[in-house]
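The chains carry the letters A, B, C, D and E, assigned in the order they are written, with residues numbered from 1 in each.
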Amino acid sequence: MLPIREGFIVAGILFTLGVVGVLVRRNLLFVLMSIEIMLNAAGLAFVIAGTRWGQPDGQVMFLFILAMAAAEVSVGLGLVLELYHQFKTLDTDAISRMKG
Amino acid sequence: MRARPWMFTDFCREGKMIAAFYTASAVAIIATILMLTRVNAVHALLHLIVSLLAVAVILFDFGAPFAAALEVIIYAGAIMVLFVFVVMLLNLGEAAARAERALLKPSAWIGPSILTLILLAEFLWLLGHGVAPAVQVVSQGPVEVGMALFGPYMLGVELASMLLLAGLVAAYHLGTAKSPRSEATHASHS
Amino acid sequence: MTGLDFIALLPLLILAAATVIVMLAIAIHRCHALSAALTFVGLGASFGSLWISACRVPCKVTPLLLIDRYSLFYMGLITVASLVVVLLSYGYFEKLDGDHDELYILMLVATLGSAVLVSSNHFISFFLGLELLSVPLYGMIAYTRRRPLPLEAGVKYLVLAAVSATFMLFGMALVYGALGTMRFDQMATQLVLPGFDPWLVIPGLTLIITGFGFKLALAPFHIWTPDIYQGAPAPVAAYVATISKGAMFALLLRYFYQIEAQGQAPVMTVFAVIAIVSMCAGNILALLQDNVKRILAYSSIAHLGYLVVAFQASGQLAIIAVGFYLVAYFITMLGAFGIVAVLSGSAGDADSLSDYRGLFWRRPVVASVFTLMLFSLAGIPVTAGFIGKFYIVAAGASVAMWSQIIVLVVTSAIGLFYYLRIVVAIFSDSAGSADAGPAIALPGSVALGFLTAALVFLGVYPQPLLGLIRSLPPG
Amino acid sequence: MLGLLWLVPAIPFAGALWLAVVGPRLRERAVAVIGTGSIAAATIVSLLIGAQFLSSPPASGAYTQTLWTWVGVGTFQPGIAFYLDALSLVMVVVVTFVSFLIHLYSTEFMHGDEGYSRFFAYMNLFVASMVTLLLADNLLLLYLGWEGVGLCSYLLIGFWYKDTVNGIAGQKAFIVTRAGDTAMAVGLYLLFHNLGTLRIQDLMQAAHDHWAVGSPLAVAAGLLLLGGAVGKSAQLPLQTWLPDAMAGPTPTSALIHAATMVTAGVYLIARTHVVYELAPAAQFAVAMVGILTLLMAGCSALTQWDIKRVLAYSTISQIGYMFLALGVGAWGAAIFHFMTHAFFKALLFLASGIVIEALHHEHNIFRMGGLRKELPVAFWTFLAGGCALAGLPLITAGFYSKDLILWSTANSPIGGALLWVGGLIGVLFTSLYTFRLIFLVFFGDVKTPVSHRPGMTMGGPVMVLAALAIIGGFVKGSFETLMTTALPPFHEAGLGVSELVSSTVAGVAFALGLVVAWYIWVLHPALADQAVEFSGGRLLHRFWFSDWGMDWLYDRLLVRPLVWAATINKNDVIDSIYDGIAAVTTTFYRAASLTETGKLRWHAAWIAGGTVVTLAIVMLL
Amino acid sequence: MTLLLLILILLIGGVLAWAAARRSASAARWIALIAVLADFFITLNLWISKPAAGAGRWITEADWAWIPQIGVRFHLAVDGLSLLLLLLTFFLGVLSVLASWREITDAVGFFHLNLLWILAGIAGVFLAVDLFLFYFAWELMLVPMYFLIAIWGHEDRIYAAVKFFIFTQLSGLLMLIAILALFFVHHGATGVYTFEYEELLNTPMAPGAAMWMMLGFFIAFAVKLPVIVLHTWLPDAHTEAPTAGSVVLAGLLLKTGAYGMLRFVLPLFPDAAHAFAPVAMALGVAGILYGAFCAFGQTDLKRLVAYTSVSHLGFVLLGIFTWNSLALQGAVVTMICHGISTGALFIIAGAIQHRLHTREMGQMGGLWAVVPRLSGAALFFALASLGLPGLGDFVGEFLVLLGAYKQSILLSVLATVGVLFATFYALKLVQRAFQGQNTFNWSVPDLAPHEGLVMAVMIVALLWLGLYPRPVLTTFEPVVAQLEQLPAGR
């Protein structure tokens, strides 16, 4: 018998770890990595939900999440390159000019 | 659900499967924590890959072999390789690591971790008090997923393709170092 | 997918086809005017096809989409808005150099995403629509990548959109885990089953609200708005301010009506808090701003707050109020950002207040259009904004949500102050800087002309639009 | 002939309008002709009407002429209508005749003044308003005339506007009189609310029917109307404005502040005598006001050095006598004293005008002297007026009218010995300050040379008035019978002092005043200064000189705090509420804009925080 | 149909004036003048040939469907009250155009557009009988007035214009809530969606709700008719506005507040208004006293005249809520005469500022010798404003006080003391500005012919109203009768 609740809890923990990563790390690469973790956790939660109801929908959703993650990472890394090219640094706080 | 031949997966159905779940999730969590605290980008990437593989095992446990395979191939394989490629491209050497250490003062951890701890606490409380059915796992292999994908969710696949197309165009536009016609306007004017 | 489905899906198909055609055109010969024209024709065709598919509705196309009069209306609204943005961006990017053709592909995909969002009936189509809208936006916002500000805005938007999308996904997973179905209509039946334990549904819904909150820039999730609107090029900012918010709000309205969310008291309190905080935050933050784009960003936060007030009032009047207000909001925001786009030169966007000092005496027509837009934002008669605000207060009054209406009234008075600050700058006698600035490109003036005409027509004679909105069946 | 009644106010009003609009462009001669001519016409018409009224009096003893209904709201229908009876006839004739003489006088007195047409316009407007007041059929029209005369007195006091002192004096006069008018207005509301009409005759009838004697409403109405009368006639509480009103040109002082306007209060009380008969308390208050004012004014007159201020205080004192007469119920006597007083007081002012003109605007009587021989016309007429004022027995009109009042006071049920004695002391003071004035101005050696002799147009009116001051008294008998047609006769009761006794005692008081004045100011001029020297004397002198300190009191109590508070509140304390609100909103803005740090992690923190909060809401509810 | 014509003439006239201004400024002025004169004569003949007013509530009306969905009709109608106020609007409109003949030199066309559009807005407010249309016109009236003050005003015009705008707009929104609440209560009771004034008239409603709705309306009109605490926008707006702006502001905009109370607050919520009457009357009297007190403290000429409006409108408020025929008639006469006398004072203040380029009374003095005709006119209107009998203001004030006496003696006495206070500021105005020494030895031209004409017309109007106010009273008679029949009316 599979512990559905524990599954969700693991997904939740991974999710919150991803949030910590986004909030703490200032290097854009690490932020992107944390986002990957969060996406992965969400995908896991979906698969667990799908298994609970015995439907393949969870995995279909997981597949689409993968697609989205891929697209988003590609654009993200494109931005990282452009950022490094212009600012010579990846520290998100250093590049923020707009305030108020 | 039509009968199908006995498969290796049935072997794990018994108690061992739950133990595998717990160990995999522990590995995943520890790997993620290590990944967050690393200073060197490559080390963090490696830890991330370990975490993804652990998640693949969990998926496998939950009777989603196709998803686990995808996780390993696409997530750990393609996306992480992309990351490594970019890290190599930017050749973030030791200097970057030292700069990173300066940025990562311990004090920076306190605020966000308190906030996330509350989030986690809320989440656990919410998860805690509701009836959670223990269910007999029916593994959903690639067959069922494939039929679902090209059955009702046919449109979803098409849209996913458009999504990738958009990602492609955006990455192309942003990524190219110098577009042929735009040499004149350098980043001079802010 | 029977023949009927294809006809129902016609607008979406045309949009997808247009994207491919534009991409091929760019591959063959990279010319800004050509790609803009093709996009324009594509969007026009899609708008035209709405009438064709209108006679087939309502029709459930695969479990993912539900095409009915409601979704067609909003698709129409979105396509028209995109047409206007295309016109504006042609004028805007013509003045800049560098390759501008990719923008139109991204814009077409984003419009496709919005169309999917508006007609979605399933979590998957909801998620895919959202991402189809967001990913191109990352590219569009950071489009003029040579400049630092758009790049910074692009990075911020990417990270934050991804984070909020993940929150929403997790919420969806919880709801799916609790209900076992991802279809909106089936969820409704599940929810009302007797003895149903909303174990994970409520937290799931809340997390989804975070996703909505980010996309609609509502109060606690609004911090990113001013930076992105200021950083992004003006037409893209217009796109973000109108189409992405409009599509999401249409979906929010449909989704929460289908699952009768009004019954769930906690969710409604969350919306009440969000509405009040965003109205206050939006108006107060803009008080002494002197960057026009940031003022428009904050005022759009406030206006979404007004919309959420109308959203909470259940019933027919709320649908009409939200529908009409969205149209008025679209026209006004496109107009305002259009003016900023039209006035921006190659040096940089005309976004500081000093660029607008004494504008009326230099370019009376542009200035009067901008004043009219500002008055519509403030809710002064003869503009659609007035009728919109009237309906919002009417919706609120119909269910006696007096506290929120009082907050609405007081904050809109504060709002008056910063709109008048801009009007004062426009009409102040400038110290003789008589240069008329870059001449307005034809497409830009056509777009502005159309917007002003629509604004005044709806302000004075709103009856036809109201009749149309009344005929949309709720959800 | 009675139908021409409306002409009496109309002609002066037309004259005033014409002079105001066209006047500045006309030559002085034309202005004089129009100004005086219009008043002459009014006088002739009033005399003709008077003659016809006396020869064939209308049946009800009164004639009403309505022009049009002024304000028509429900039961409140006051009209522009004139009411002529014996009382108003006498008043109108006296007013128009005296005004005519004064206009004639001022054609020469104001010669060469740059505001010549403006002066005559104001004077004509004044006569028009005064006549409207006297002929008014209802209290609202009376109130119109009432305020009109107050306005003209303001305009004429401040006529020489270049000197701000005159302007301030004019302002003071207008404000103090309007303070009285406020009380009168409230009286009007009370009367209308309780009796349903403002038409005087109906009012009197309704009062008689509805109110019992001594009913609180009647007393309130009486006191309120008394407030108005006191303001206009410069009686006790509100008399501070009249001495300052002397800043105006002398003909104005003669006309307004001696003969006509100041007696409007007397006319009002006489006209509404029914109310006072129904309210003995109010009537007694009138008497008390009268007696106190005449004594106080008498003392103050003694200490003045400006010739016109002496006469001003004497006017206040004489009107005090009229109030006393009204207070004791001797309505006819009050009006009779009004007539005689109008003649000799106008005469005194005009004569002093000649003296001032002659000594090129010298006002201080201590710097005048020995004008007996220099200005014989002025001296003899001034002497006649003085004697009439002081009450030279048997010859002057003043004696008869004042004696009648004294006798009535003695014999009236309300009066009594105390009032009578007060009246007698008043006579003593009057003759004292009158002859002090005459001796100082006309006797002794010449201090300032005479530079200008009055022409015929100034001398003529003065002589006519002198004659009237003398023969005015002899018509007492027929005057009294005429008065009874309009006013209730005097009811004799009480002390039973015979006429002969009171007149002889008054004569003795007159003689005593004359002798003492002669003794002090002719034989021992230094004595007056010594009297002032010892400590009590100087204080008393200063006290009396400043009109018993009333002026100083009002200034400290009312004027100064109001002005101070107004300047403090110049930019409206309530406005600070809204500035406060604006400041609060700005601080909110400053606090809110801190949240826009622009840092990516901060934005993500808000999203996470927002989710935490919303989850908390969902959890807790 | 004529009613719509009134508004259209002004709107089109404004646009023509703006167009004509390109060629010649005077063309714009003449067009504006002709447009307003045309309107004045139309209303005049409507007044003279007044069809039997007894044929029901309205003299004439014009009615079209506008937004049938929520029962909004484009319904204009005129009764005694609105006819009088329309006459005042166009009378002061003509005079304000004449008064700013020489004063406005830059952007003349746009100025006249704004001026005519304000008059159109005000005419719309007086004519609108559909609550939605009324709110539409009420908000519309604001915008051109804002431009008038913000562009052609004096020193800190921006502050004044923005303050004016926010004050009125916020209170307008409160009225919107009240209108909608009434709209839904009416729907609840009768199931009909309508904004029609006559149908909304006797909607059954809970007393508590009625009080809240009445307050919603009352606050909006209290800001416009400056009731004491909400009045602080008035001095700034009047002082900073150009002459025409001040005349229109003082003469007309304040009257829309009073008109609103007579048309909407009293008839729609009779019981609530009746319960609220004592408070409103006390506010009125407080307004009279405080307005006069502030006016007395001012050194700026226009600011002094502005505060007098606060005082005079206090009488109107007192009159309206005394709620008997005397006081109501008094309130209307005061409204009209105040419009004329304060309008004239503002024209004079404008003329002085145009000549001396200052409004500080401290720098004036001795002007009587320099500009006798202007000073004479100023004296006349100062006397009118202090309520000299024989002039219009006195009749109004006396009727109000007479009526108020029936209700409460204390308030009536206090208000009469207010009239005494009026003397202080009026005389201070005349003394400081026109009398005394010409210390700054000004030598400026006297009234120009057209200014003289304006003054003469106003003097004649005030004298006529002062001595023969019956035509005004008879026109307003039927409305008073209706107001008195309201259950709470006495």
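By our rule, contacts are C-beta pairs under 8 Å (C-beta built on N, C-alpha and C of every residue); 3 or more make two chains touch, one makes a residue touch a chain.
Worth saying up front: this structure is predicted, and the values here are computed from it rather than measured.
Identification of common neighbours of chain A and chain D yields B, C.
A count of C-beta contacts for the chain pairs B-D and A-B puts A-B on top.
Centrality annotation: E (chain centre taken as mean Cα position, compared with the mean over all protein Cα atoms). Remark: chain D and chain E have CA centroids separated by 38 Å (rounded to whole angstrom). Chain A and chain C have Cα centroids lying 26 Å from one another. Chain geometry summary: the mean Cα position of chain B and that of chain C are 31 Å apart.
Averaged C-alpha coordinates put the centre of chain C at 43 Å from the centre of chain E. The multi-chain contact residues of chain C, meaning those touching 2 or more other chains, are 124, 128, 131, 135, 138-139, 142, 145, 148-149, 154-156, 159, 163, 200, 202-203, 226-227. Shown for chain A are the residues that touch two or more other chains, namely 4, 8, 12, 15, 18-19, 22-24, 26, 31-32, 43, 48, 50, 52, 55, 57-58, 60, 64, 68, 71-72, 75, 79, 82, 86, 92, 96-98, 100.
The multi-chain contact residues of chain B, meaning those touching 2 or more other chains, are 111-112, 115-116, 119, 122-123, 126-127, 132, 153, 156, 160, 163, 166-167, 170-174, 187. The chain pairs satisfying the stated touch condition come to A-B, A-C, A-D, B-C, B-D, C-D, C-E, D-E.
Those residues of chain C lying in contact with chain D across their complex are 155-156, 159-160, 163-164, 167, 202-203, 206-207, 209-210, 213-214, 219-221, 223-224, 226-227, 265-267, 269-270, 273-274, 281, 284-285, 287-288, 414.
Interface residues of chain C facing chain E in the complex, by the touch rule stated above, are 375, 378, 380-382, 386, 390, 393-394, 397-398, 405-406, 409-410, 412-413, 416-417, 420-421, 423-424, 427-428, 461-463, 466-467, 470. Residues of chain E touching chain C in their complex: 66-70, 132, 136-137, 139-140, 142-143, 146-147, 150-151, 158, 161-162, 165-166, 169-170, 173-174, 176-177, 180-181, 183-184.
Listing the residues of chain C that touch chain A in their complex gives 123-124, 127-128, 131, 135, 138-139, 142, 145, 148-149, 151-156, 158-159, 162-163, 165-166, 169-170, 172-174, 176-177, 180, 182, 200, 226-227, 230-231, 289, 294. Every residue of chain A that touches chain B in the complex is listed here, in rising order: 1-10, 12-21, 23-27, 29-30, 32-34, 36-37, 40, 43-44, 47-48, 50-52, 54-60, 62-64, 66-75, 77-82, 84-86, 89-91.
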